[in-house]
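Next, two complexes with chain A in common: one pairs it with chain B, the other with chain C.
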Partner chain A sequence: MIETKLIHTHDLVKTYPVADREFVALKDVNIDIGKGEFVGLVGPSGSGKTTLLNVVGSLDIPTSGSVTVLDHNIGSLSHKQAAWLRNQHIGFIFQTYNLLPVYSVFENVEFPLLLLGKSNDERKKMVMDALDWLGLTDKAEMRPAQLSGGESQRVAIARAMVKKPALILADEPTANLDAKNSHHILQTMEKLNADLDTTFLFATHDEKVMQYMKRIISLEDGEVVKDEVK
Partner chain B sequence: MIKFLLAGILRDRSRSLFPILTVIIGTALTVTMTGYIGGVMPDMIQLSSHLDAGHVKLMSQSFYENRYQMPLDLAMDNADELIEGLEAQFPDMIWKSRTRFGGLLDIPDENGETRAQTTVSALAADLISPNSTELDYLNLRESVVEGNLPQDPFDILIAKSMAEAYQLNVDDMVTLMTSTVNGSMSFQNFRVSGMVVFGIAALDKGGAIIADIEGARMALDLNGGSTEILGFFIDDEYESERALVVSDWVNNNLKNVDDPYSPIALRFEDSNEFGAMMQFMGSFMFIISTVFILIMFVVLWNSGLMNGLRRYGEMGLRLAVGEGKGHIYRSMLVESSIIGVIGTIIGTSIGLVGVWLLQEYGIDLGNMTANTGDGIYYPNIIRGKIIPACFYVGFVPGLIAPFLGSLVSGRGIYKRQTASLFKELET
Partner chain C sequence: MVILKLAYRNLIRAGIRTWLNVFVLSLAFLSIVYLKGMYNGMQDQSIRISEDTDMGSGQYWCETYDPYDPLSLPNAHDEIPLVFEFLIDAGAMTPVMLYQGVIYPDNRLKNVMLRGVDPSQQVMNIPSSKLDVESNGYLPVMLGHRMANSINAVEGDIFTLQWRDGNGVYNARDIQVVHIMTTENSTIDIGNVYLDLTLLQNITRLENEATMLVMDKAYSSELPESTWKYMSLLALTKDLRDMMEMEQAGGAVMYGVLMALALLAVFDTQVLSIWRRRLEMGSLMALGLTRMLLINLLTLEGGMHGFFAVVLATLYGAPLLYLNAVNGLSMPMDVDSFGMVLPQVLYPTYSMGLVFGTIIIVLIAVTITSFIPVRKLAKLKPTDALRGKMS
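What follows is the complex of A and B.
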């Protein structure tokens, strides 16, 4: 039983025009995800995992049905309101890390705080706390090109969690990492989930990731075919 | 945020180098050309007014109508009288009689027989009366390269090039054959007192002689008269508005439409093609700024589009982190403004160096300006001048062009769906 609903979808449908027809990416998706959950969206390529993440992350809007994230109806948000929601409450982690190459590790992690308008001192403290938490203090002045894949993904996690968001969306976060680094990253996120009660929603088809999930929602052709709590 | 953007610009050369170089080149050229025009214009106005047009020029109405033929018979026969009245009316001006006429110069051999003849264009001005300003206006003290300034009404100066062509020496006697104001033949002997090089190709190239006004009057039977009266402001600074007051007064009080010999007054810019030229030069900064804004805008627009394509991934990330489209767009405009400021400061500095070099060394365009006529004179060495506008004129194209370039190229952010931009992250 979910005590506090963080994400709620009701008959969510998302279609895209492809040539002269509509491609159905999500079909009547109804899920509820509560605060502090560690959830995996699994399924083959094209099953709608990333589309669902994009809609939940307010980067896209539903074609029909509704999605509510932290009591905000995604379909009715303006660009500005959607950006505010992401800025305040949502962190993203990507398969390809997507660090800004010309900025240092410190500056990459600092960026979301700049958008939040935090003061210089606040930013410095929050960034150093995040880097410390992820064991990256000694890498603060390095550029992304000087980091290994595992270190880069840890920086990406630091950037996602530095503002202590309620929800972190991770799209194939371990796809570019070897097994050792994958486990390390997942353990880090598991710890973050436990310590800060941050909700995680993963899109993955990696078995290594699935074994860490406390709940797995399976998608096929845009439909939820299984929702299983471990 | 500005600090963050600045760091990005300085570190990401592919983002900043080409736009900054474009701005540098555009502003440097704008500043250099402004300084060049700023130097040429005052030189041109001063030279042309001194040599030909004055700040205000009086001619008889009929002479004015036929001025390109230089009709001596239509000269003002009461020039001295007019000058007395003008000096009383405008004490802050210097008024001088000048007469232009043509003739045939006969150069004798040692026996007094004709050795050579050549047509000459003569300018008569007050060269020998005490404290005459004409020696300064015509820059004769510096221009005499051999011999001396005229001491007698029948002394003349001749162009060095002509002296060399006809093997004339200082103190040689020559005979000027011309017609008097009444149309009868006139023969007058003159002594060559000196030879001049003006450093102005249009004057130095041909058969020019300079005579004293009194000697010319005697030769032309033009006692007390002249073809022109030139007025100069005492401070020698030409101002259109001041000149207009004078010319209006003359045209309202001295001009008589029923008397073709009554004077008409023209301001400097009303003489010959000066007006159109001054108008063009006055608009030059606007024209040059507009041209460079357009050129740089197109270049930076394309550069912005290329950069935008390259940075779609970054845009997607920034959207994901919570930056709004509007904020990203505005930050691109701020970036372009920073690029504009950096490029303009560097470009203006380079442009100022260029103007300084033009000011110090100049460019010898004597061959190009040799055939300029109609009373428009340029020095052979054309020099730029560092004028106040050089310090700020570059900021107009330097700031506007990158801003416009980003304004247009950045529209792509709005045209693409947020999710599409976001997808660039995964490609």
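What follows is the complex of A and C.
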């Protein structure tokens, strides 16, 4: 039984126009995810994992049905409200890290705080705490191009967690990493989940990631085919 | 403020790409200021020279004088109205008589304008006092250096002057060149022969007559009412200013080309930047940047090129423009043949209005150019940007 619903979807459908027909990416998806959960969306390529992540992350809107994240109906948010929701409450971790190439590690992690309007001192403290938490203090002045894949993904995690969001969405976070780095990253996120009670929603088809999940939602052709809690 | 900080950071970190654009823009900016400064300087100097050597602060013309009608020139003289006598005596104005004549240098016929001036006048900055000499029975005359060159004359040379007096009688006398003056005003030089006004009045039998009265530059009292036509300095320099405006209009085409080249570089950079940074834009939107802020950020980045260009142009351009303003630009020898008042050394005029006006134009043009490719981001979907797609 979920105590506090963080994400709620009801008959969620998402379609895309492809040539002269509609491609159904998500079909009647009904899921509830509570605060502090560590959930994996698994399934083969094209099963709708990333689409669901995008809709939950307010980067996209449902075609029909509803998605509620932190009591915000994603479908009815304006662009500005959606940006505000992402800025305030949601952190993203991408497969390709998506770090800003011309910024240093410190500046990359600092970026969400700049948008939040935090003061200089606050930003510095929060960024250094995040870097310290992820063991990146000595890399603060480096540029993304000078980092390894594992380090880059840790910076991405630091950027996602620095504002202590309620929800972190991770799209194939270990796809570009070797086994050792993957485990390190996942352990870091597991610790973050435990320490800060941050809700994690992963999209993955990596077996290594699935080992760490406390709940796995399987998708196939846009439909939820299995939802199991370990 | 965040956007400003981010735009500044992005632009500085883009390195050589930024500085190349900034340099090209600064060159365009500097060229516009330089060229406009030259035009302004040319106009200012030409008017100043005309005012100083010919026009004074204005002129009164006799009713029959029309400089655009050469056929009216034989009759372009009249008795000086009494109302001006006091001012002439006080040195606030000086009469000038223009009269047609013919000289025969080296046995060639040359039509000239006889210009009768008072040798003691101080209104026009010409060495008219040189005419106040005895010349062994010859009529003493003064030539400008261009005129002297054109007839191959030197001081002391004697020519025959022929004219038709006020009664229609042809007369001839020998004249002697007593002085060759150097002047920047070619319009009072080429084709002109200077004589003592009283002498000219005597030989033409037009006692106490003149063509025009030139007013002193310092004259600021009320203008006397007369049948003679008052021509302000503004009216007298109208042709000159019209010509300069035409030149400036031609110059504007060049500014346009210069700016277009520089703006094209900015435009290309913006297009390339948007194309290369689509993933970054998706990430920024995922981090909570609104589309509007994204558009503002990228427009500001482009617009800052203009700001940096102004700073850079100030750094390397200000000393160059200063040197140019102090030393001037020597005009080529054949500038005399342009038929307008042009100084031998041209000093540009860089006014605050010119500099700040150009800065504003450059900044606005760069910002608009930066905005044009960016505005399509208003329809950008974050998911498309994250996939590296541009809708």
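By our rule, the second predicted complex is superposed on the first by the 230 of 230 C-alpha atoms of A that agree within 3 Å, B and C clash if a C-alpha of one lies under 4 Å from a C-alpha of the other, contacts with A are read in each partner's own complex, and residues count from 1 in each chain.
We take it that a contact is a pair of C-beta atoms (placed from the backbone, for glycine too) under 8 Å apart; a residue touches a chain by one contact, two chains touch by 3 or more.
Values in this document were obtained by computation on a predicted structure and should not be read as measured data.
Asks: Once the structures are superposed on A, label A:V102 by its partner contacts, choosing first (chain B), second (chain C), both or neither.
Replies: both
Asks: Which of the two partners, first being chain B and second being chain C, lies in contact with A:D60: first, second, both, or neither?
Replies: Both: A:D60 reaches chain B and chain C.
Asks: In the overlay, answer first, second, both or neither for which of chain B and chain C A:Q88 touches.
Replies: A:Q88: touches chain B and chain C.
Asks: Overlap the chain B and chain C contact sets on chain A and report the shared residues.
Replies: On chain A, the residues that contact chain B in one structure and chain C in the other are 54, 57, 59-60, 79-80, 83-84, 86-88, 92, 94, 96, 98, 100, 102-103, 107, 111-112, 114-116, 159.
Asks: In the complex formed with chain B, which residues of chain A make contact?
Replies: Those in contact with chain B are residues 50, 54, 57, 59-60, 79-80, 82-88, 90, 92, 94-96, 98, 100, 102-103, 107, 111-112, 114-116, 159, 171.
Asks: Give the list of chain C residues in touch with chain A in this complex.
Replies: Residue positions touching the partner: 2, 5-6, 9-10, 13-14, 279-280, 282-292, 381-383, 386.
Asks: For chain B, which residues are in contact with chain A within the complex?
Replies: 1, 4, 7-8, 11-12, 313-314, 316-327, 417-419, 422, 425-426
Asks: Could you pull out which chain A residues touch chain C in their complex?
Replies: For chain A paired with chain C, touching residues are 54, 57, 59-60, 79-80, 83-84, 86-88, 92, 94, 96, 98-103, 107, 111-112, 114-117, 159.
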